[in-house]
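Same chain, two partners: subunit A is paired with subunit B first, then with subunit C.
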Partner chain A sequence: MSEAGSTQHAERRLSLLVTVLAFALPVVFVLVPLAIFLGYSFFSVDQGTIVYGLSLGNYVRFLTDPVFLPVFWNTIVLCVSVAIICILLAYPAAYFLTTLKGRWRYALLMLLLVPLLMSYVIKIYAIRSILGLNGFLNKALVALGILQEPSTLFVFNMNAILLTLTLLLIPFAILPIFLSLERIPQVLLRASDDLGASGLQTFLRITLPLSLPGVASAASFVFVLAIGDFLTPQMVGGISGFTFGRILYSQFGTAYNWPFGAALSVALAVVVIAAILVGERFGRNRGTSV
Partner chain B sequence: MGLKKAFLRLATIGLGIGLMTSAALAANLRVLAWDGYADADWVKDFTAATGIGVDVVFIGSDDEIWAKIKGSEGQDFDVFAVNTAQLQRYIKADLVSPIDVTKLANQKEVLPRFRDLTAVSGVTKDGKVYGIPFCFDSIGLIYDTDKVKPAPTSMSVLWDPAYKGKVLAYDNGEHNFSFTALTLGYKDPFNLNEQQMAAVKAKLVELKRNVLSFYTTADEAQQIYQNNDVALIWANYGQQQVKALQKIGAHVAYVNPSEGALAWLDNWVISKGVRDNAAAEKWIDFMLSKKVGGELSERTGFGNTVTETGSAGGNDTLVWLNNVEDPLKRSDMWNEVKATP
Partner chain C sequence: MNQNTDLLTLRSVSKSYGTVPVLHDIDLSIRDGEFLTVLGPSGSGKTTVLRLIGGLEPLTSGEIHLDGQDISRMPINRRPFNTVFQDYALFPHLTVSGNVGYGLSVRHIQRKEIARRVAEALDLVQLGSFARRFPAQLSGGQRQRVALARALICQPRLILLDEPLAALDLELRRQMQIFLKSIQREIKTTFLFVTHDQEEAIGMADRICVMEAGHIRQLGTPHDLYYRPNCEFVARFFGENNLVAGKLGAVQGELRSIETTLGRLVCSISDQPHLKAAADGASAYAAFRPEALHLADAKDTDNRFSGTISDMAFAGSSSVATIAAGPDNAAQRLRLRVPSRVDGSALKSGETVSLSFAPHEGHLVLA
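This part shows the complex of A and B:
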């Protein structure tokens, strides 16, 4: 009896411990750092040292200085474009995958996801070589006669960031779209066929609406990852591809203006959280109506 | 019981050895230096020549040196290496002792530009010498000898429309403001007034329009050079960068601009807590020997103060890096330059 009691006791203690850990980990590693970050955004810097007095100065500067808002807006436009292009490319790919049978489907999906196993920096380096003036893309276009001579259109500007981010983030768009397409019951498609709908009609009236939740979460994934990235713009953006991430990054290096950097991060976080909420809400509404 | 006794004996022996080694260490010269400034073979030669043992601790950043020296108020080290921009901070905090240059025989043999230490900005204060220059490199201009003719003599070539889209600049506001100030002919590039700042900023916006991209690491610049049509590189990494490019077969050469090249300069200094001043002087003198200087340049690619190297010709003007008036402001203005369409 007593032995059974003590095991029960131990079990209860274990489950309590697990519960505490489950709550403590996100609090300690996510909420507390975020709160510290938020706190920092109200401090200021004087002569290279942080002044721990509360002020709204950083936010006022962000909203009134002519430098930050335009860059912020351009960056949002850029990342929305990346998300749209990713979706346009990923949708046909994901659709094609669902038409495959059996093991081919998953083998090909794995192949599309393989780039995620590679280091981010190495991929950027590789893409930058491809886009360069003596790079593969230019050589191919010249060899095919599409271009007379190598062009600098593809590297060290906004186009380069757009291309690179799209390439890097496409796997994140394929996966959710593929999952939502795969979840569509085959019976619905067959019923539509039986009732005399054409392939296009079936796609437009059944497949597409039912896959929109996947599209929504894919778009918010890609947007969030793109807007938080400073490395890609830094490495392929050159002189005209100046993004918000690069401004943010510069606050933490030589400038040593952590409080202002924190305030800029908060602005970024607001947009990111909004994007996630929109993506999730849109996705869920459509999902439950199935 | 027997075991306990054996244990005690072992502990006593261990304690004895520990005391002996710490006694031996106490007599050693304690050196704090960057990797490459106190190689094992030099240390061995030094000990063989003087009978003084040496303990070297290597550091990785300016902040680390400050933390180590300030943390112990100079008591933990006898000699250390810092650059001219940093040294004044140590003098102000009373962490370093003045050096009697007459005790350093080799200092009389150094390159002309380092012979009169009062002329080297940053190493003296109130007539006393606090730092002995040892190692330096300039931030010059790398140019492609096939594409840039005639050979450039001034940084103003970076603004030449003939090289539009073929210029690689460095992504750092502080340095960019300093070198542009020199190009504009300002005397003190590290202390600019409002008007000068505005002029430099306008000039940098012009530069930006002539530039292909900004780089941060030497590797990055090299990769961009390989995949694009690059004619000119503002060489933040000096000789190391030139040599790395030449190694991959690039036809490049290096020049220090006539208006003066920014350059960093590392010095040996004696800490406030030095235990044996004579030993510290011997170390510095040994480091100024032709053999060590030559080997240092051979191994690291940096210039030394004793023998001629590619870092600077005898007539080149070098402007030793110093603290700038307001790093934060320069960084903000650099962002504004980058954000200007």
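This part shows the complex of A and C:
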């Protein structure tokens, strides 16, 4: 009796431990660092050392200095553009995938996702060389007679960042859209046909609205990944392609102003969380099965 | 709406999926305004018939005629038929009125007109107050009625129903059967109803088309199918039945004898010329319903045999006795249905009894 009681006791302790760990890990590795960051954002730096006194100075500087807000805003616009272009390119691709049968569908999907397996930096290098003055894009455009001579329009500026981020992030848009399209029961499309709708009507009234949750999560994925990226702007942005991520990066690097960098991160985090919430809001279906 | 004119005719329609044939040379006429049920076990091809008529799938060969015109190649969205799908297939992102009005709005009918007809259709299916709900907020029976309203609002010539009651529980299914039948009478539209449930078929249909293995076995009223099955499959599939194998004997007017292990039995062949014409000695079955079988008394001279009761089962309003009959009271299993009584049945397990059925209540089926 007492033996059974003690094993029961041990079991209960084990399950308690598991529960504690399950909650503790995210707290220790996610919430605590975020909280520390938030704390740092209220400190300041004097002569290269951090002063642990609370002040709103960093936030005041971010909001009043004429440098930061415009870059912040331009970066948001840039990343929204990236998200929109990614959706516009990914939707037809994902739709095409769902029209394929069985094995082909997944083979092609895998092929589209292969770039995710490659190193990020190598991909950026590759794209940079395609976009560069002697790159494939320029050579092709000149050969086709569209351009008289190679253009510098495609590299070391905002356009370059836009193009590169779009190319890098498009798989993240295809996947959720594909999944949401694939989840639409075929019988709904047949029902729409049966009720007299044309192919276009069925697409606009049934397929498109039912795939919007996938579009919303794709958009928020791409936006969040784009806005957090500092490597791409650093490598293809040149001098004119200045983004918020680069400023942030420099605060932790060359400028060595962690408290100010933390404050900028908090500003960025607010935008990211907002984007995720918006994506989640529209990404939720109306809680419906068929 | 003349029940004697054919609305839709299938002419030697076949369908194969790849090399697998599922329908063999089907001929079927659907009369204008009737409630026709296609009944068959799963895999019989009954749903395929519906899908071919609805245009959900192309024919492999044959023709489908509507009012005498070939519509075999008419695209699904131009056919004047609407389907009630098995799992309803309601659009989850549209409200009840959005779903019901869908067929009208894709035809660019004016909003006011749509609203009026949606309200009308919802009243007809008694869902007037649910117009603004979403499908997920409805019960199974309510979704079923939305699907019906969505189909009938387009005023189709034919409404196709693909086992629409399969997902409902028994009580609701009974209610929906009565409801469907009353709606069909009210709107006077032809219904083609596919089911594997014979009770459902008997309860609702004007005519039943029994299918098996891609063939139509018999087409007729429920009464015809029950009392004059034309083949062994229908005789066994449709309701409980006792089948006793034997060889055909002499014709005596509207009756014909058959030599079986139970001795010589005499069964009705009225209105069935093929049974009259069949050769002497041909293999056939004597078929009689469990409720036609009874304990023999002095005036039963025909169709008399003895058997041993091997089991008694109480089934509510009636009880069913399983009987071993034939040589040594073992060769042939029969079922006997008697009304239940509160003080128990006179029949006891293990008893040997003398049984009989009236010749006009027995029928013959060629093997």
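One rule holds in what follows: the second predicted complex is superposed on the first by the 273 of 290 C-alpha atoms of A that agree within 3 Å, B and C clash if a C-alpha of one lies under 4 Å from a C-alpha of the other, contacts with A are read in each partner's own complex, and residues count from 1 in each chain.
Here, a contact is a pair of C-beta atoms (placed from the backbone, for glycine too) under 8 Å apart; a residue touches a chain by one contact, two chains touch by 3 or more.
Keep in mind the model is a prediction, meaning the values are calculated, not measured.
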- Please work out whether A:145 is in contact with subunit B alone, subunit C alone, both, or neither, and reply first, second, both or neither. neither
- Task: Based on the superposed arrangement, let me know which partner A:205 touches: subunit B (first), subunit C (second), both, or neither?
- Result: second
- Query: Any idea whether subunit B or subunit C touches more of subunit A?
  - Reply: B
- Task: Considering only touches as defined above, state whether A:190 meets subunit B (first), subunit C (second), both or neither.
- Result: second
- Between subunit B (first) and subunit C (second), which does A:102 come into contact with in this model arrangement: first, second, both, or neither? neither
- Item | Residue ranges of subunit B in contact with subunit A within the complex | 165, 171-174, 208-209, 211-214, 216, 220, 223-224, 226-229, 327-328, 331-332, 334-336, 338-339, 341
- Using the touch rule from the top, collect the residues of subunit A that touch subunit C in their complex. 185, 187-188, 190-198, 201, 205-206, 209-210, 285-290
- Residue set of subunit A touching subunit B in the complex reads 45, 48, 67, 70-71, 125, 128-129, 132-135, 152, 155-156, 234-235, 237-240, 242, 246-247, 250-251, 253-257
- Item | Touching residues (chain side subunit C, partner subunit A) in the complex | 54-56, 75-78, 81-83, 85, 87-93, 102-103, 106-107, 134-136, 150-151, 154
